[in-house]
């Protein structure tokens, strides 16, 4: 326990750092992911192509490389210099592709007949999506979306390599204070196990509540 | 952009031939080194030396990402720098020419372990002599003395020493001693940390960081490499003494290196001038400490 | 385009065509503007100068990129094979009726999945080093990737087995097979087939995660990219290095997806496969609580369509 109580300041900073990246990154990921997901199922071909290009480009790039782009290339090119903001953008834009794909798969789980029936009674694309498809898709999207969120939480540690304080970077600080790296890292791992299990619990609850009978 | 690159690649293929031919100004192997390879060297009672002789080569641990000190040119594969040349000089004194040296890049964290395991015969690379390290290995030298310094953009006139750091962004290697020092003694500075100094220097160049702090000699190397954009400022505010890491307990080997350092004052100065002379900082060889 | 999208709207009439054109035009304008601005900023900050790209004119550098690529691939191949084996073993153990096997397997799987890979790598590299069991960075990268991806794949296999009709296993027992034979000969082959898209996606994740190795000094592709960026004698080619190494990663991942899909198409022509995958969806009664998430865990549920596009 000494590792924690003696270095309370660092653990608080690190946890706050992780949660900051998590919450702000999540907002970007969800908003952008929703837009891109919508683009990928839209009737506008060019929008579909742009969405597809974005998803395939970013999803096949390692997150670490995304961080390199934002930490070292973006400051040179666009003169944005706040590292924390850049890190949040990097992970937000990366996770958005996963959000978009999860949404799209969710839409695809709604049986074809549902949309066809809606169209048969004369609904427009927006009506089909808004009244028929999305409400049904939402239920099947929530559990896998929680998985994306859990993976996202774990991915925040990658920011450690880019001068953004979070639970992943605490080892470097504490080994300088003479703490054993093994003990520190086991505590970090434990913190993540607790957070992930908590999120999994929420996921399980939602899944039970919104189980789609089909 | 693609077309541009293709055209360049074609032009570059031709240029590469020319460029590889003329690189190597910084005290390389083109025959004008300030040292000569000794012949018929014997060191009585040195296990390290015997092993080297029977292997026919010397394995030296170095850094490869510190321009001016220990640097590996990605384009030519050539190693340059003050530390690397000190290593070449010591190898020559031991009777090993350039083609009998195997350089191994070893990051700071693994240095003691590599010497203890016998994977390298010696280590020359910004290696500070400390008592805790002496428990595992021995040091010949020191061959250089430095201290914590500051590197800033060449056009920065507002930072002239550690007292000017309040409110500025200061960058250094993650968890390193210099950054601890800043954190404790100059708490108003904002700290950035990356795992290599080169990333910190990139941050100065893109304007995100105001200063990089670590051993002044390392910073001097960067300044020597880009004198138009970078400069070191102020006096050093700590003391670091660099030694040559050697396996523990081989006193005969250590004595031999110490003697070579003591008797080679001119060679030392020539190596300094070739690598760090451009910075205008005058080098001064420290006295050897035969503990 | 994917089948799901086209049923969502009618063939557009004149009014819709006009509206779609306006919206399409808007997308084009926004994308082109972003592109143009980026190119302008790149040019303005001197990124297209010959000096910045000089590094990539040296054969020696390309040779080293090749070597770094080999180190990335060797870490990936070893991790992928190890993860598949570990995943299989953990899945079989967890599905076992023997509690001594299933309980530890469940705990191990759940815990390994909850720890970030990077923390796992640091645990192996720095942690074990600090207690006197030094580990090479290569070993740390490979073991961490095997542990993490193995536990994820274990859940994928398990979800695959549980999505199969009960009759499959029962039929096996009925003709006198042992439970081991039922698992190896009947359930696993079908599960692997049904979950193939998820398995492929997870392998792409494994390939991408080898890039975390640079944090613990494993000199793979990204490590070399960082080294190139720091080359002051080459004018610190930050953006060229990112673009070129990034392109290599994207090509590798696309190649891997394409290869896996080709293999998959060759080996399975059964229609049943599609049905199985469709059956494995949230809400499928009988699917254990957290199995469905597997499709999404790091993979982002491209079980049906996502990667058929990446690969196609």
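For reference, chains read A, B and C in written order, and residue numbers begin at 1 within each chain.
In this section, a residue touches a chain if its C-beta (ideal position, glycine included) is under 8 Å from a C-beta of that chain, and two chains touch if they have at least 3 such contacts.
In UniProt terms the chains read A = Amino acid ABC transporter, permease protein.
The model shown is predicted, which means the values in this text are computed figures rather than measured ones.
Asks: Kindly indicate the chain pair that has more C-beta pairs in contact than all others.
Replies: A-C
Asks: Find the chain most remote from chain C, comparing centres computed as mean CA coordinates.
Replies: B
Asks: Can you check how far apart chain B and chain C are, centre to centre, with Cα atoms defining each centre and the answer in Å?
Replies: Whole-Å distance between the two chain centres: 40.
Asks: Measure off the straight-line distance from the CA centroid of chain A to the CA centroid of chain C, and report it in whole Å.
Replies: Distance between chain centres: 15 Å.
Asks: Which parts of chain C, given as residue numbers and ranges, touch two or more other chains?
Replies: Expected reply: 215, 226, 229, 238.
Asks: Could you tell me which residues belong to chain A and also touch two or more other chains?
Replies: 72, 76, 161, 175
Asks: Can you pull out the residues of chain B that are in contact with at least two other chains?
Replies: 195, 199, 202 - these are the residues of chain B that touch more than one other chain.
Asks: Contact residues on chain A for chain C in the complex?
Replies: Residues 39-48, 50, 52, 55-57, 59-65, 68-69, 72-73, 76-78, 97-99, 101-102, 104-109, 112, 115-116, 119, 124-125, 128-129, 133, 139-140, 142-148, 150-151, 154-155, 157-158, 160-161, 167-168, 171, 175, 180-182, 185-186, 188-189, 192-193, 196-197, 200, 203-204, 207-208, 211-214 of chain A touch chain C in their complex.
Asks: Please name which positions on chain B make contact with chain C in the complex.
Replies: 1, 4-5, 8-9, 11-13, 15-16, 19-20, 64-65, 67, 71, 73-77, 107, 113, 195-196, 198-199, 201-202, 205, 222, 225-226
Asks: Can you check the complex and tell me which residues of chain A touch chain B?
Replies: Checking each residue of chain A against chain B gives 72, 75-76, 79, 81, 83, 161-163, 169, 172-173, 175-176.
Asks: What part of chain B is in contact with chain A in the complex they form?
Replies: 171, 174-177, 180, 192-195, 199, 202-203, 206-208
Asks: Can you name the residues of chain C that touch chain A in the complex?
Replies: 1-5, 7-10, 12, 16, 20, 23-24, 27-28, 31, 38, 41-42, 45, 47, 110-111, 113-120, 122-123, 126-131, 204, 208-212, 214-215, 222, 225-226, 229, 238-239, 242, 245-246, 249-250, 253-254, 281-283, 285, 289-290, 292-298, 300-306, 309-310
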